[in-house]
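Sharing a structure with you now.
Just so it is clear, A, B, C, D and E label the chains in written order, and each chain counts residues from 1 on its own.
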Amino acid sequence: MNRFARIWDSDVAWSFRHSPVAMAAAFMALLIVLAAALAPLIAPYDPFNPATLNLMDGFTPPMEPNMISGNVYWLGTDNQGRDIFSTILYGARISIFVGFSAVVFAMVLGIGLGLTAGWRGGWVDSALMRIADIQLSFPSILIALLIFGIARGLIPPSMREDLAIWVLIVSIGLADWVQFARVVRGATLVEKNKEYIQAARVIGVRPVRMVLGHILPNVMGPVLVIATISLALAIIAEATLSFLGVGVPPTQPSLGTLIRIGQGFLFSGEWWILLFPSITLLALALSVNLLGDWLRDALNPKLR
Amino acid sequence: ETLRWARVGDALTLDPHSANEGPTSTLLHHIYETLVERGLDGSLQPRLATEWSIHADDPTVWVFKLREGVKFHDGADFTAEDVVASVTRVTSETSDFKGLHAAVAGAEAIDDYTVHIKTNGPSPLYVQNLTNFFIMDKGWIEANGVENPQDFKAGEEKYTVRNTNGTGPYVLESRDPEVRTVLKLNENHWAEKPAVTEIIYTPIKEAATRVAALLSGEVDFVQDVPVQDIARLQETQSVAVTTGPENRTIFFSYDMTSDSLISLAGDNPFKKPEVREAMALALDRDAIKTVVMRGQSVPGAQNVPPFANGYDAELDAYGAPDYDKAKALLAEAGYPDGFSVDFHCPNDRYLNDEAICQAFVGMLGRIGVKANLVSQSRTVHFPAIQNLQVDFYLLGWGVPPFDSQYVFDFLVHSREDARGGWNGSRYSNPEVDAKIKSLATETDLEKRDATIAEIWKQVQDDRVFLMVHNQVLAYATKANIEIAVHPENQPSMTNVTFK
Amino acid sequence: MTEPVLSVRNLIVEFPTRRGVLRAIDDLSFDIAPGEVLGVVGESGAGKSLTGAAIIGLLEPPGRVAGGEIRLAGERIDNLSPERMRTIRGKRIGMIFQDPLTSLNPLYRIGDQLTETILTHEPISARAARDKALRLLEEVGIPAAETRLSAYPHQFSGGMRQRVVIALALAVDPQLVIADEPTTALDVSVQAQIIALLKRICADRGASVMLITHDMGVIAETADRVCVLYAGRLAEIGPVRDVVKRPQHPYASGLMAAIPSLAGDPDEKLAQIPGSMPRLGAIPRGCAFNPRCGYAFDRCRTERPDAYPAGASQAACFLHDAASALPPEVAGRAAEAGIQVARVPAEARP
Amino acid sequence: MIAYILRRLFQSIVVMLVVGLVSFSLFRYVGDPVATMMGQEASVADRAELRERLGLDDPFFVQFANYLGRAASGNFGISYRLQQPVMELILSRLPATLELAFVSGILAFVVGVSFGVYTALNRSGMLSSSIMTLSLIGVSLPTFLIGILLIWLFAVELRWLPSFGRGETVRLGYWTTGFLTPSGRASLILPAITLGLYQMTLIMRLVRAEMLEVLRSDYIKFARARGLSNRAIHFGHALKNTMVPVVTIAGLQLGSIIAFAIITETVFQWPGVGALFINSVQFVDIPVMAAYLMLIALIFVVINLVVDLLYYAIDPRLRIEQSGARH
Amino acid sequence: MTDAARNGEPAPPLVEVKGLRRVFDLSKPLLNRLLEGGGRVSLTAVDGVDFSIRRGETFALVGESGSGKSTIAKMAVGLLRPSAGSVTIDGIDVAGKASADTQRRMRRRIQMIFQDPYASLNPRWRVHAIVEEPIKAFGMLPDAKERAARVGELLSLVGLDPRDGQKFPHEFSGGQRQRIAIARALASEPNFIVCDEPTSALDVSVQAQVLNLLRELQDRLGLTYLFISHNLAVVRHVATRVGVLYLGRLVEEAPARELFSDPKHPYTRMLLDAVPDIEMEGKERLTIAGEIPNPVNPPSGCHFNPRCPFVMPHCKTVVPPVLDRGNARVRCHLFAEG
């Protein structure tokens, strides 16, 4: 059996092939991710280049010619004359990138600290868990807001636009590491008392190798599940931060920023500015959530 | 009849001299009264003062004749002593209005209904600063120990923050800050009885919620209507929208003096007149008006509202954008490929401020200028301008005294004592400075107007500002309510009529 | 012969899985007589617990009884509605699980769990139920039963907990008790106490016991008859002495020989059966034991043996089928090992 | 127990101090309060003078120490924005937030637990799958959008419910409540749903997962083997065991509800501490921000403690271990 | 067992355990103790245990759950530090401060086989990596090819197919896993292996395979075992000498044959009686009353006194000394002189 066949034949793959919801969700997520990744190729316009925008194309309804330029846009345009379709593609790119990076950041941080706390135990553990408590006693949204505040103070304005995304990633990620750390710590505490770890100790395997080689692979299951759920949450968090006005720069709107812009037009008749990005966000978050749900069940041997 | 009134923010305090801020003054105009007030056309109207003039013998003294038979809400009579006490209070250390009364040397009650206010020199425009100067009762001030407005350092709340005793048409019934303030008709008021007998004032921060509240009939009158909703609201049967020009100009400015910019080390393109001209040629004011402002703005080239003294329709005229010419000018100035610079913009202060900036970023992009938009809260934006930390920015400016001198003092004059505090362009022209200074004391109005015109000419020639438009105000009400737009955005519910 | 308390006929238990339907119990039949203790032995995964679960109607889905029938005192119970089955569980069939630590709900007091069970099945007052619970605790040998009623499970030691579990299983005098490895989790010194208790209390009440375990020693001491399972199938069933001392199925005899005992020569190597029990999906054709069997011949690889009489027992092995054409060499070796081969071919006779 | 509480109290104080320190060190980046406190006519000198008077020029640690000193005596200063004592402002806004959080918490808990139990007991049913999927939609859209959509549907289009505010409130001593008036109750519905939706989904999934876990446990198997009724097993045995972890997490979620109220309160113009905070951020009202953050930290700390105590109350294993002996 | 051992020729002891003691601190945090009273609580899991194992011999430790068997095993391989006493291998203290190099060489010679074949193999690693790990860790064969060959060799040695190295542990049965664990233990070419209940999780038929394998390896490689079990019948089949543990104390230690034929300590006798009688000889049994007491506060004097049928008054107060009785050593007042 080659590697692919083995993967195809694994329990997880099997359960995937037999779950219509999971497949639909995966298809949807893949579609959005691909479309976003290939945005420069697919999108008819480059909405992030202000020089190409024509303000007079603003507020063109979907599939209707603009009154002045006569241009037709599939999903209409927004208040800056950006093609909504292109902007959604580019925006999804940012949202996905921010969400994904934030989760990876939180994951790396959480796993690192969780492993350390679980493995070292004692005061290191207590200290790290107290920090986690403090972190938890600060609502994540506030943490993100505050980090944003610091960054704004520290980063020179000229670099802000470039760094805004990274700041966002760090803010969301930093607000999210605790759950990874807790789960990993718990799993580490369980794993480290298993006999295979003692066997490695008898051999005299070095702690770093022990943690990374032995324990880490064994705690990845729950981590993956949390990661999927967090991904959806991070995408929403980005949207929420943008709503509070601390997200990505308005010249490079993410899905969340687009929704924030669009919700201003809820009563003014330009429904498409709100509707299409919302549907995209909903489809993205929902499919990732459903995938996470499925993965949780698929990785839980007891539920099979 | 009861009027439910909503706008974006609440009055910050009920102390009449503690916060020089629009919504605060607007609400206080219903409780307290000023000597003079701004009419709907921008002219000064009598209120507690029936007449005012510069003393015939002494150009440094303003004489006010007061209205008789006026009573404070607690029943005390309104007299010249109250005005004197109010002047003392408004010029005190912790007053937020002391800047407007900086020229005041003292006030004197000549008799019960005559007051003299002496200034440190001729102040022909002083009376224009009094439209938000509320008169308090001397006895009440003393009885409650509120000789000074709120002092934060003291860490104690002043009695005046929550309690009022004015002469205005309404009496404070109850107040829950940022939730709801209820005013009842003052039966003893000197003027005609207004149609509105009760005001319920509720701030609603979110624009969508505010509009929803009007559409669902939960409020009767909404200020701060988002421009994009105006057209829709106008079409809605149950709602009426009134619009009118506001006393506020929106413009861009840039550091046109320094040799080096903060965001562009070693160079300053804005120093070159060609660059400034090119930028002006790139600005498509009509597009901004049509799309960003949804038709709700008055584009212009002179950054002073049309109803203010010094406005010149000729200077205010603007042409269509000309990108080719702009590019040519840039090339001429040595920037054939344009340049890159930070562009600072507030995102929570003016109507669609961020969208305006964004649109301009696109326009500049067309001529090769890369403006990196830094859009942030006014709490960061304004200090940055004042501290000269920005190269290129958007600013809005209201002109409460309705006179160009106010613009010159703050925006054109070099930074010096109380002047030039908002001069982010670092424009510094000693000649102009001298002219500006002369305006303050010039009592010959014709001569003064001529000087103003000269200054404007110079300022426009030097392209100190890149004016975008004057804001337009929109009030949305239930269809049966009529209210006129006030240029200072200080509508008075006494003017409301029901159909 | 009196009617058996429990009669299992051709029981089939299946698990539909992604790789097809797995047959975990295949054509299993046995009886338990009133008052009898039937030991069920076999290696891990042989299907012992599943048999117990099938009888009491607690197969975890997707497991299901796919064939055969189960009769309790003559009444068929494998096709009852869940509601009817519920009234049989606890009331007529009691069950004891392996781990006393996890069998008791940690959040409820012992007394409450007992009275709850009693009140579910008997129309008596709460007061009376409590008294009965108290008596039960005393009966299973819990000192100071009165005060222990209000204790929580974690306040008991392992042996005490298992006593409570026995009290719970026997609370309303079931006819049959299924004990699934009741002593495996306990210490050697406690095991003997619990087995003795179980035996005594069931004998007192005349309850039959189906004792599931993989410990032959426990069976030898406790059971009247033994049933040896292999890969979900019956290997041998018979009186305990016969199965232990003179096992007739090659698997059973291999199993018995592999048990280290306190007698015999300690320096001698233990007898061992090569290989391991097949996984469910990969049960060989014919006799499930044939690849490991030293006596296997052609027929064993193609045909599945029934249970044939073998001495006092019955064994599912062609060695005992008179119709078998046994290779003489095989028969010879079997006979040598003490297996009473059904028909020894002439050539092999001495 | 006492030792436990003491240790937690000590930890709580440390947590509060850290929160205070962190938040305080961040304020300088939010903006310059002076810029918003003074009218545009104020001169540079006037601004400098006000800054001086507010002590904003002092070194950071001096400011923090001063703040702590005053806070310790219950004086959180005067709001730069509303010119009232911060303590009073927050106390007057707290009932609104607490009532909203309470109702959404109850809503999330009741609906979450019932749906969770239902979906756990009917694992493969049509309705269960629909509930599971629909619940995800609730968390796949940002709260602010859900709020606005609810307003649009129920207030503007249908006109069933108010779009903003708290309706009529009744004053009971220090507390203002919206529970006692019809408009107060009606006003609660939309914000409570908006705020509770996320937690509801969370609790539902948690209950479902825990319940499935518990249903597989040996003691449930043993309870079945004893012939107990499904009712007794599901709602007596399984649910109670499920609640142990659920209560912990749900408790902690209550804290998040209060924190997340920021957005809901903004959208619905709900006069609570969250909206107060957001307005204060925009005004750089440092005293209010600092007090709010400390308050949130305090609430979290208290909830944490209460949840832990609750845990002790539910789980006898922990309770007895405290008092010693095992045998 | 090597011939030497069986013939009773005196070989020098390889492993020596002297006065071994291990105390676990179970005290509550200081603050709790201050407020709620109650001093430090400690659990003496192993208390003054002495024994030695000669080369090629198998020393078995038996005892009920909690008697301290695993704790001794862990101290023997250096997983736990003794609170007092020492374990020495060829004169080198396992927990001592010998030079790093000596330590390393010594460690290589000690390996351990665990009870649970499901938990003792990392489920995420392929079998060849598991078996290879000690070789790598001790830097024995730097060449990857050689290592692969050695792994194949080891797998064959324990009766597995070298190709099984590509599989994951979950693809094996319990018995096969235990073989993998044995292969791993043998990888560093140890001469002392600690087996902590290596078969208690296995079925009898598989248990026989594993026990036979262990014996075969001992004969072939001259291994020395510390064999831990609670099953006396198993112990009888593998041990040269047996030690019986009760609540951390070695109550009896004797050559295997002698212990089974002539048990001295009442506890040993009762343990033997408790073994179910598979031979069904219907012999008289002496069931032990009660259960093993809480080790946190064990009975005073002889720990076994509350369950002992021969209890004497001073059993409750005086800790019995270790008494030499022929080849055996007993801790019981019954055997005191006079």
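Just so it is clear, a residue touches a chain if its C-beta (ideal position, glycine included) is under 8 Å from a C-beta of that chain, and two chains touch if they have at least 3 such contacts.
For reference, the UniProt names are A, D = ABC transporter permease; C, E = ABC transporter ATP-binding protein.
The structure displayed is predicted, hence computed values, not measured ones.
Relative to the C-alpha centre of chain C, the farthest chain centre belongs to B.
More C-beta pairs touch across the B-D interface than across any other pair of chains.
Here the CA centre of chain C is 32 Å from the CA centre of chain E.
Centre-to-centre spacing of chain D (ABC transporter permease) and chain E amounts to 54 Å, using the average Cα coordinate of each chain.
Taking each chain's centre as the average of its CA atoms, chain A (ABC transporter permease) and chain B sit 44 Å apart.
Chain A (ABC transporter permease) has residues 152, 263, 266-267 in contact with two or more other chains. Residues of chain B in contact with two or more other chains: 208, 212, 215, 348, 377, 380.
In chain C, 157 are the positions where the chain touches two or more neighbouring chains simultaneously.
Per the touch definition, chain E reaches chain A (ABC transporter permease) in the complex via residues 74, 77-79, 104, 107, 110-112, 114-116, 119-125, 133-134, 137-138, 181, 184, 188. Chain A (ABC transporter permease) makes touch with chain D (ABC transporter permease) in their complex at residues 21, 130, 133-134, 136-142, 145-146, 149-150, 152-154, 232-233, 236, 239-240, 243-244, 256, 259-260, 263, 266-267, 278, 281-282, 284-286, 289-290, 293, 296, 302-303. Note for the complex: chain C touches chain E at residues 43-44, 157-160, 187-193, 195-196, 214-218, 220-221, 240-241, 244-245, 254-255, 258-263, 266-267, 269-274, 276-277.
Residue ranges on chain D (ABC transporter permease) touching chain B, taken from their complex, read 30-47, 53-55, 70, 75, 77-78, 80-85, 89, 92, 148, 151-152, 155-156, 159, 162-166, 266-269, 271, 275-276, 278-279, 282-284. Residues of chain D (ABC transporter permease) touching chain C in their complex: 216-219, 221-230, 232, 236-237, 240-241, 244, 314-317, 320, 326-327.
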